[in-house]
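Reading through the structure tokens given below for one structure.
Order of writing sets the chain letters: A, B, C and D. Residues in each chain are counted from 1.
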Amino acid sequence: MERVSERAVLDVSGLPSVVFGPRNVVWLGTILFMLIEGAMMAMLYASYFYYRTRSTDWPPGVMPPALTYGVANGIVFLLSLAPAWWTRKKSRAGDISGARMGLVVLAIFGAVNIALRVYEFSALNCEWSANAYASTVWMLLGVHSAHLATDFIETVVLAVLAFTDRVDGTRFSDFDENSMYWYFVVGVAVVTDFVIYGATRLL
Amino acid sequence: MRYAHAIFLGSMFLTCLLLILGCQREERNFRQSPASAAVVNTIQVSDLHPGGQQVASPTISNQYEESAYAVSQGKQLFEQFNCVGCHANGGGGIGPPLMDNQWIYGGEPANIFSTIMEGRPNGMPAWRGRIPANQAWEIVAYVRSLSGLLAKDVAPGRSDHMSGKRPPANTPRQTPTGITGAPEQKQ
Amino acid sequence: MKALRTLAWIIVFGLLGCQSNHSSLSAAGPQSKNIEWLYWLIFWICLAVFVLVMVFFAHGTARTKVDEQEMAPVMENPEGDRRARVAVSVAVTVTVITLFVVLAFSIVTGNTVEGLSSKNPVTIQIIGHQWWWEARYPNPQADLTVVTANEIHVPVGLPVVVLTSSADVIHSFWVPNIQGKRDLLPGYQSAFWFQADKPGIYHGQCAEFCGEQHAHMGFEMVAEPVDKFQNWLSQQRKPSAQSTDPSVLRGREVFLTHSCVLCHTVRGTDAGSKVGPDLTHLASRRMIAGATLSNESGSLAGWITDPQRVKPGVLMPANPLPPDDLDALVTYLRSLQ
Amino acid sequence: MAVVQTNPPVSATDSLHQRLDSTWREPSGFGGWFKRVHHTTIGIRFIVTAFIFFLLGGILAVLMRLQLARPENKFLGPDRYNQFFTVHGSTMIFLFAVPLMFQGFGIYLVPLIVGARNIAFPRLAAFSYYIYLFGCLFFWAGLLLNTGADRGWFAYVTLSGPDYSPGKRVDFWAQMITFTELSALATAICLAATILRHRAPGMSLNRMPMILWEKLVLSFMVIFAMPAVMLSSSMLLLDRTVGTQFFNPAEGGDVLLYQHLFWFFGHPDVYIIFLPGTAFVTTIVTAFARRHIFGYLALVVSTISIGFLGFGVWVHHMFATGLPQMGESFFTAATLMIVIPTAVQFFCWIATLWHGRVQFKLPMWWIAGFFFVFMIGGLSGLMLASVPVDTQVHDTFFVVAHFHYVLIGGAVFPMFGALYFWVPKMTGRMLNDALGKWNFWLFFIGFNMTFFTMHFLGLRGMTRRVYTYVPEMNWGWLNLLATCGALLMGVGVLVFILNFFWSRKYGAIAGPDPWRAGSLEWATSSPPQSYNFAELPTVNGREALWDAAPNQPVVAGIREDIRETLVTDSLDGDPDHRMESPGPSAWPFWAAVATSGLFIGSVFSARSVLYTAVPVAITLIGWYWPRWGVSQRRKATEVWSE
């Protein structure tokens, strides 16, 4: 097993230990997580449209969801891209105070999103047990809320962490990945909104 | 690795211990046990006292209330024997509702059993001789589940053929209030 | 061809006994005949492929086998690789062509099998229940609709359309000698064609797992000449036989005052419940209990007294009747021709 | 990075070993057992646990065969039989095949074959194991307590719905799915990241051994397939516990949607089980044909296209539901198409053997068994792909025979081959040759006796999942034959276990490379040290050891005082940066405990999720929270990239 002898070596001691973006292994892990969750959501959208083909009226027997909170939340989601982008930029530069600010603002946005989300459920105009359509929109919103809650908690934890003296290079890259995951949450939110509020009315 | 086996067996044992409580809920006795027939014979046809008098409820525990399978059989029979014709799916109609905590003739298993078997004035027919005792006990268990009197992991979930707004498994628990008054008069 | 097939059974599979009657390879209808033909086509192709691959594998291994323990790896063999490339390319091409052949024949056979139809077919409604089959021969005049269970009569040589549905869970309707299977899905109604060419009694079976008594959810398909079929149909249309025999009347009384009446229908009496099979012409059927027991007094009595012994989990409850009541009941049921 | 010639101090060997070992050694003691994160430990845990469940599933199979040995047998009865066949199927698929073939061997072998010190995300891999273990225990505790799932491994609605499956049996099944799929997904992330980012310098994509390609494709298949079954089983669970209407036909629910979702996972899952087998075959054939694999590119393309096509054929499990005929023909075509890459693989293996120098050692016996058995299974699959034939044999014992030929042929035979091949690496001792042959022949003959007869039973109309049959059908003696075969197979497996324990004590010492094979796991000692490689290797060809240059460089400059690993470029395998690999931690264990609490609680009360989520969050934060000393050390030494 020991092959230590006089031989050629490939010296890697000069390589960096803090990298961002696609070079980072955690970035890849985050992307893979996003693929899993994206696949799950895609399957849920597919189920929604499958149910659509099995019913003559849509939404069947219930009112379409009220738009107010959904649209409001959609706008807040889109606005929250700004602090996410800011956090990303500052983290990559190693700017701790910038990153702190970005994380705090992002966490506030997340809290607003969650608050609005609670109202969104009541605006669905149906109980989950009413019929398959109702169960599906509840599940769509529920699964996305789980993503939202997860990333909100992560953001809060990172924001708290950012105010300690434990922020090394890997933490900065975690701030970076967190923002990327937030982009994903926003993206899924937009598509989900389109399905729940748009497709329900248009189809 | 030395501890692997110990931990494996240990957690196996612990899981078993935790779950052993719920195990008889899955029992499926397909052949009628003699016990259920014995229970039947001890029940007296209650002599009715209209007018709010409390009858001592015979304290007989219904073994089927511990079995999810039996309760679901009771549910099936409840529909098949057309109990739904009068009681709807617990909401009541021609007959009184079964989802609330009001029991005209008592809400203990034995009360309900004799209500089914002997019938009640104003429309409830007697089913003795028609419904075998064990099936009647299954129906009793289901009827009690409608008002949340059974454990949640025994009570049935929603039906596959009608909108169950609130399946028995999600019904809030109620206490039977026994005989609450005179039988309702037919309008 | 027939001889070759028999030879195949004997040689390829060894002496594995006699041909069974209940088999998808003893076709009794045009569709199963087509499928059987396709089966054998694919079978021979597969056999050839299997033999070829095994021979090549065995030869390829044997020709280069060495017994040395410390063998250095071959690093290069350009000539061998070139020849292998050609061989593999040829093999892949042959594979692709073979697959096309299989696909083409499969689609053609599929079209033929599915293509069976008729303007004026015999229509049967099949409703799957846990764990029995309800068969209805609908008629615009409601009282001429025939309702029976677990025994389906069809005329020989005429296309039959089956309208399938399920009362509870997914079942699958299958008579191997006649046609492939079709699932009965709750919430779906579909039509399904078949035709029997050879008169006979064919066993059918639920093919989709449907709970405790899935194993005993059988039925019989009686294929008979058209006139016999018509006779059967008109017989089944009648209400139950009225008898003046005192023991039959006694049995009727037992039937109507015990739990039987809660689940079963006997047309012409007060019993009209749709939970269990219609018993109006019970005695005309060959089997009872989902083609599990033969329809004789003894098995009927045993079935009534303790169905859970024969089919544990079945929905029919035990009926511990006194012996003379039971006798009378069986006599009555046996009289329902 | 430039390759430089240097002369490392010759006396370095011992002190290097000591330094690396003190950094990488697994914690010992009772508490330490829960903290271990090295991939060899986790991989072996997976393999051992999954093998135990293989045995348990096998015991159920034998019991079922005993029930079927004669008509109207009263040995088990329908209730127990239904539980047994359901738990047998679910165990073999979810608790044995995927965990062992994909996760166990993947976690054990991949970091060694890429030449890394540890897997990427080692704590996630540890979590993956614990969650899998708890899922297994949960499911089997259910069976032992009469709460064993009894609706088949597919649990079709409405039979598995709240109306027709009272009690908690199906909920146990549905939640077991969540456990095992979460575990498989976690492993997929670890393996994909390891393969893409931790390959030894020089191991560009076109030099990756086939087994890495297969694990990479598999990881992505898992990532896209498993969510479908998690979704369908969650929907089923919600239907049963909180009264949603996903599958209630009366309220717009749909029974076919369940089947679509289930088979959208279910068919790729067959390939998730079978592809590791092909990779084992490729590896073992290469090693014993003593030559590079013929048609490397073709094999890679085949593996990838199987990965894609595997997602396009799910409807062939639903031919009997009566979907439109045009659609069915499309899926017939897709199913036949998937034969092509599989055939290409077979041809390449034969060509490799044809022009090699074949040493017919023990693992090769199993490969020969694989050829024989899998060919039969694959060819009967051809029959099933054809819609008309399928409608006849679907859901009969013919299908049971078919998929046992495919899955036992495609997974269990290569698995035994792989065990004979790699157990010397894991234990350091060779397995016994004579016992190995007994194992092979008993298993092989028993297998064919059991399952070949089932083809006849199926054609003669014996449907699947029946607990008994009436004597008039004349199926009795064929069933008896199958039962005898099953017993023979069981004895064969027992011989393997005997062989394993015998060899652990008396087996010949294996040494680093007993087969003189070519991939990197053979470059280190057997069993590997805690740090895998004293010096991280570099690679010059597909078979790293065979193709190594006379003075193949090793990696220098990786820190030995902390768990530092090298991250390379995904495509070319060029060194990119250095990264610290997480060390031992008990948090993954606690997180798995908390998550299990959430999953098990949700079976009994949907509301409990609200409070069982709290410990999950706490453990995950604890897992993540950086230690003060570590962050200070990192801050002092880290080098930021420009």
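FYI, contacts are C-beta pairs under 8 Å (C-beta built on N, C-alpha and C of every residue); 3 or more make two chains touch, one makes a residue touch a chain.
Note that the structure is a prediction, hence the values are computed from the model and not measured.
Enquirer: Taking the mean of each chain's Cα atoms, which chain ends up nearest the overall Cα mean?
Expert: Minimum centroid-to-centroid distance belongs to D.
Enquirer: Count the C-beta pairs in contact for C-D and for B-D, then report the pair with the higher count.
Expert: C-D
Enquirer: Could you grab the centroid distance between chain C and chain D? Build each centroid from C-alpha atoms only and quote it in angstrom.
Expert: One centre to the other, that is 37 Å.
Enquirer: From the mean C-alpha coordinate of chain B to that of chain D, what's the distance rounded to whole Å?
Expert: That gives a centre separation of 46 Å.
Enquirer: Centre to centre, by mean C-alpha position, how many angstrom separate chain A and chain B?
Expert: Centres of chain A and chain B (C-alpha means) sit 46 Å apart.
Enquirer: Please compute the C-alpha centroid of chain A, do the same for chain D, then give the distance between them in whole Å.
Expert: Computed value for the inter-centroid distance: 30 Å.
Enquirer: Listing for chain D: what residues touch at least two other chains?
Expert: Residues 79, 158, 163-164, 239, 242-243, 245, 247-251, 253-254.
Enquirer: If I count partner chains per residue in chain B, which residues reach a count of at least 2?
Expert: Within chain B, residues 28, 30, 158, 160, 163-166 contact more than one other chain.
Enquirer: List, in ascending order, every residue of chain A touching at least 2 other chains.
Expert: 129-131
Enquirer: In their complex, what parts of chain B are in touch with chain C?
Expert: Checking each residue of chain B against chain C gives 28, 30-32, 76, 80-81, 129-132, 134-135, 160.
Enquirer: Would you mind writing out the residues of chain D in touch with chain A in their complex?
Expert: Going through chain D, the ones touching chain A are 1-8, 10, 12-13, 16-17, 120-121, 124, 185, 188-189, 192-193, 196-198, 201, 219-220, 223-224, 226-228, 230-231, 235, 238-239, 242-248, 251-254, 257, 260-261, 264, 512, 523-525, 529, 533-535, 537-538, 551-558, 564, 566-567, 575-580, 617, 621, 624-626, 628, 630-632, 634-635, 637-642.
Enquirer: Tell me, which parts of chain C touch chain D in their complex?
Expert: Going through chain C, the ones touching chain D are 13, 16-18, 20, 22-25, 31-32, 34-35, 38-39, 42-43, 45-46, 49-50, 53-54, 56-57, 60-61, 63-75, 77, 80-81, 83-85, 87-88, 91-92, 95-96, 99, 102-103, 105-107, 109-111, 113-114, 130, 168-170, 172, 174, 176, 179-183, 185-188, 190, 192, 203, 205-216, 218, 292, 312-313.
Enquirer: What residues on chain D touch chain C, complex-wise?
Expert: 77-79, 82, 151-152, 156, 158-159, 163-164, 249-250, 253-256, 289-292, 294-295, 298, 320-322, 325, 328-329, 332-333, 336-337, 339-340, 343-344, 346-348, 350-351, 353-360, 368, 371-372, 375-376, 379-380, 382-383, 385-396, 453, 456, 459-461, 463-470, 473-474, 477-478, 516, 518, 543, 546
Enquirer: For chain A, which residues count as touching chain D in their complex?
Expert: It is residues 1-20, 23, 25, 28-29, 32-33, 35-37, 39-40, 43-44, 47, 50-51, 54-55, 60, 94, 128-136, 138-139, 153, 157, 161, 165-171 of chain A that touch chain D.
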